[in-house]
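Pasting a structure below so you can have a look.
Order of writing sets the labels: A, B, C and D. Residues in every chain begin at 1.
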Amino acid sequence: MKSAVFYGKHDVRIEEAPQPKVGADDVLIRIAACGVCGTDVHIFEGDKGAADVTPPTILGHEFSGIVEAVGDNVKDIAVGDKVCVDPNDTCGECYYCRNGIAHFCEHMTGIGTTTDGGFAQYCSVHKKQVYKLLPEASLVACAMAEPVACCLHGFDMCDVQPGSVVMVIGGGMIGLIMVQLAKIAGAHKVILLEPVAVKREMGAKLGADLCIDPLSEDVKAVLAAHHVGRINAVIECAGLKSTIAQAIDLAGKQSTVMMFGLTKPDDEVPIKPFEIFQKEVVLKASYINPYTQTRAVDLIQSGKIDVTSMVAEVCSLEKLKEVLADPALRAKGKYIVDPWMA
Amino acid sequence: MKSAVFYGKHDVRIEEAPQPKVGADDVLIRIAACGVCGTDVHIFEGDKGAADVTPPTILGHEFSGIVEAVGDNVKDIAVGDKVCVDPNDTCGECYYCRNGIAHFCEHMTGIGTTTDGGFAQYCSVHKKQVYKLLPEASLVACAMAEPVACCLHGFDMCDVQPGSVVMVIGGGMIGLIMVQLAKIAGAHKVILLEPVAVKREMGAKLGADLCIDPLSEDVKAVLAAHHVGRINAVIECAGLKSTIAQAIDLAGKQSTVMMFGLTKPDDEVPIKPFEIFQKEVVLKASYINPYTQTRAVDLIQSGKIDVTSMVAEVCSLEKLKEVLADPALRAKGKYIVDPWMA
Amino acid sequence: MKSAVFYGKHDVRIEEAPQPKVGADDVLIRIAACGVCGTDVHIFEGDKGAADVTPPTILGHEFSGIVEAVGDNVKDIAVGDKVCVDPNDTCGECYYCRNGIAHFCEHMTGIGTTTDGGFAQYCSVHKKQVYKLLPEASLVACAMAEPVACCLHGFDMCDVQPGSVVMVIGGGMIGLIMVQLAKIAGAHKVILLEPVAVKREMGAKLGADLCIDPLSEDVKAVLAAHHVGRINAVIECAGLKSTIAQAIDLAGKQSTVMMFGLTKPDDEVPIKPFEIFQKEVVLKASYINPYTQTRAVDLIQSGKIDVTSMVAEVCSLEKLKEVLADPALRAKGKYIVDPWMA
Amino acid sequence: MKSAVFYGKHDVRIEEAPQPKVGADDVLIRIAACGVCGTDVHIFEGDKGAADVTPPTILGHEFSGIVEAVGDNVKDIAVGDKVCVDPNDTCGECYYCRNGIAHFCEHMTGIGTTTDGGFAQYCSVHKKQVYKLLPEASLVACAMAEPVACCLHGFDMCDVQPGSVVMVIGGGMIGLIMVQLAKIAGAHKVILLEPVAVKREMGAKLGADLCIDPLSEDVKAVLAAHHVGRINAVIECAGLKSTIAQAIDLAGKQSTVMMFGLTKPDDEVPIKPFEIFQKEVVLKASYINPYTQTRAVDLIQSGKIDVTSMVAEVCSLEKLKEVLADPALRAKGKYIVDPWMA
């Protein structure tokens, strides 16, 4: 099969690889779509703090496809089924697994990081990580189940209720999912801060009531002009030091600031504890996607979350190398690899 | 001013009454719309368990209007403003007020129950119970802020998240508000059980994905046919013994059963603790509207909750007597009194 | 090895059985202590609703011992270690496992129910279910980790805070653990209702501030005499219809009623929804021990929870048959089997 | 009456003042004990960020006494009763009061800050702020109800459960209350970091399992030596930039860091969002004492929280000036003013 193998920093090669083995508990998936994620870029760049990958490895952890074969113990999934995956698996026996926070498992494995992933024509996945889709499901959309599941985990921590006021900072793929989650969670007002006009337009289309360019507009003045009072949750999705500080500054009394965007491992943001105190702001972050994959699949399949409008291009494995290497390309939107595309 | 005064069981009289006095902290409201609520009917019927009313009293606690005059201490509300009210006020000093559950205040007062209410041309209300509306607000819709606020309190306890599956039993005014709250809270599926076809149609229009007639259809079979799996919350809004039992029966594992509908004070429902145990169902009820009035007003004014489609008629004070006396009339939908209507 | 094998209703036989096999992931435990639990009695009695057991099976799921041998993959546990077990294991792939409520796993297995358990001299247990103890740990006490873990799960749902008022109904093994949990959670007052004088004395010794005989005393009068105001949580541990009704009756405003005791599967308790409404009582039940085993072990080992004062007798496998058959015996307190006792 | 009147920065004068008027809703309290709090010092120092005080004002907000007279509307409190107070009162009508977070009231008033307080022989207090004590209550201890109530509010946010591991940084009055709250909430281990030996000893006496000198010991090494694993909550009570950073560093996965200590308004602490992300640490602060005063009084009166062991001296109004001016004096422990002491 054709595959994109990571050999080390800046070294991804398109190679023929043997089709993966299918154990008794495994599902062999003919990959239809695999998203290119920031994590892939961090690995490609050899960044400190990125997931630990021992080359050679096939990257790619946001994927969907059609079942090609199943092992003997697989009962609920059949050849021909559309499926997507949760790439993360836990050991079930470490302290964290035993104490209900399994996403901190000491022996976590990840498809596309610790084992071969979705930037290939096939991938073999343990049945417990496979999610069956509806026959009419869009495989490109459902490849996004993992990022949506991550967003759900973070969003759940924000305690948004019908009538809440929610601000999202950053209108990339993640920010635009958060805008939609806030909208479908009944937020009275959803405000998006994003410097790029076309992303603000997309944000407005996807449900933001108010889109502000934080670089050229006076955010507080615009908020005041639109009678935005207490903001109940600020969800930071840009991953910048400045936007985290801004999130705390704009957050209302007894609100949540969700630092969903990832800064560099050593980045430091100066916070004023006195400001946190005066507002009882709760500062949180969200780590991967525990227990949210089913809901993510449901929300995508029912069309409640649009994950394809932000897709810049469905591209070939060959183009993947360019996408990993070129930030300008990635700025255009989300890239999805179809490993069968010529 | 013209008013409808309650003198005792089945005795409501339309009378001229003096315009209410306006204290230094009061707002005199020229009533535009006042909803007829089940509580009013219970009082009219002299039911045990209904709010304590010492006649003669003007009933009516769901109302809105235009400010006619304000007392000296009223700063933020001006003559001509559109407003609605929260009828309930608390003492601030009893055990419950001091411990953060003020809606159980030992000295609770209620406009339209312990003091004169909205079935009259004017009502004088302490400024702390008055909510200012937008100039363009619909006064009929905003008269419904109190029932929406009650629903929000109950709904908040149901822990509905984006992707949850929610069932509402009973498609009256309250059930249809709950259907909408579930929808705008991101429920993956909203299921309505309601025997009357026209109410099911309204439910579907307002967001229910699946409407079932529980009297003529096999509910479990219909759910199975529509692949409805675990139901995360069942919100009972019919107030019947049978529907409460049904709610527990249909509830999924670790779900919430919200008994929002009110049974008669002595009604008993037999529950099986073993069933509660096997599913870890959490059985709750919701008492009035603590701290939810602002969000209710916001959701109504922004059009996120439709409260006027269920209105059967905006009627006169004279007709109020008929409405209170005649269940067949009330079955047609919500009645709203306009005390200025001839 | 010597073992007590369940062959069907009222048929438990003491037999020689082969020592269990030790797979690569298994730990062979030389059993030191195994508690006799209500579940064992229900199975012995052939009760409907009891755990499904396919005879012949060695019962016993509350146990501890010393490691006799370990499989090749076992790294953190060594021969000679003191250990106890969590008998329940989940599949990791069903809907419930995927959605964070794994204790409702569709393929749950249980040591001592679906597989051979602790009423034998040895038991082989998958390493993920084995908890390592301190060298100085009491093996009799630590055999009680599973019931304490169950209690913790139920107790966690009661939202007890420093300053809460907690009532426990029933002073058996479970009720006395709950009394202690309430005490160590900072309850301002812990009240125990229990008809048997010696159990009330034990309750008082273990931390109850007020012990009432519900059969001969007027509970409400005693509460009033002791100035007990709002009760924040009532934890029912008798498993009777009457005590569940009593729990709801005595519960305060916005309190939790935890139905921890198990009634018979078909037992029905009539509840008044109007009473639930007027108090916003939250009615809950608790299902087994998800994610609480580590804390249970810690609390027992550190002496914060006393589980041995309620032990009637540490007995032999032979005596187990009598204990299972004779309620009068069991009324004396908890029985612990030492399978090496002659 | 004799009183200590604040006239401005560093200017507190002991003066004769008229006995305060007693309105119809007021309770005149003959002050027995009034604590000197950090807030009083900040006001005395004219610090930015301290409570707004318009001189001349009698400071002192942590007090208790005996009822000397009551207004006509006061029913539940009688002359001769022992009482303490909650100094804070809210307007009941601003956005925050209406939305259940009244401690952010826009028109908050405070006895001892916006109105005359407890550093005087008498104080007149609205009945809703007065808490009746038991006849046998210690008035010195109950003067500490307000700081204990503040601590309870912060502690409640930490989600400590029986079996949790809790670290407290700073062993002053506040830290030692937090140590006790952690202990009575069932913490498996309570760890105190405090540089002063005598305070560590007091911490150990009040329940800390492990007391570490953070200046001379290697904290992580000591924790490792004592097999302290995941810390569930770190409660910072020193109010220093360095200890806040340390709190985040030592916090376990999915733990809470409560920044209870107050830094200077402009103090900045550099945090690493990536570290917050990798651990899902939740960073919080706690603002005053909403709804916790009743529980504080209960816990003090029942002896569950010891607030007198940390008292350095019960002193006269004259000595108050020294205490406010001299940090060395305050380092000895808590000062309580008895305005009747010569």
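Throughout what follows, contacts are C-beta pairs under 8 Å (C-beta built on N, C-alpha and C of every residue); 3 or more make two chains touch, one makes a residue touch a chain.
Just so it is clear, the structure is predicted and the values come from calculations on it, not from any experiment.
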Output for shared partners of chain B and chain C reads A, D
Of A-C and A-D, the pair joined by more C-beta contact pairs is A-D
Rounded to the nearest Å, the gap between Cα centres of chain A and chain C is 41
Taking each chain's centre as the mean of its CA atoms, chain A sits from chain D at a distance in Å of 43
By the touch definition above, chain A meets two or more other chains at residues 95, 99, 294-295
In the complex, chain B touches chain C at residues 49, 95-96, 101, 104, 229-230, 244, 253-254, 259, 262-274, 276-287
In the complex, chain B touches chain D at residues 86, 91-93, 95, 97-100, 127-128, 290-291, 293-294
Seen from chain A, its contact residues with chain B in the complex are 152, 155-156, 161-164, 181, 184-186, 188, 292, 294-296, 298-299, 302, 304
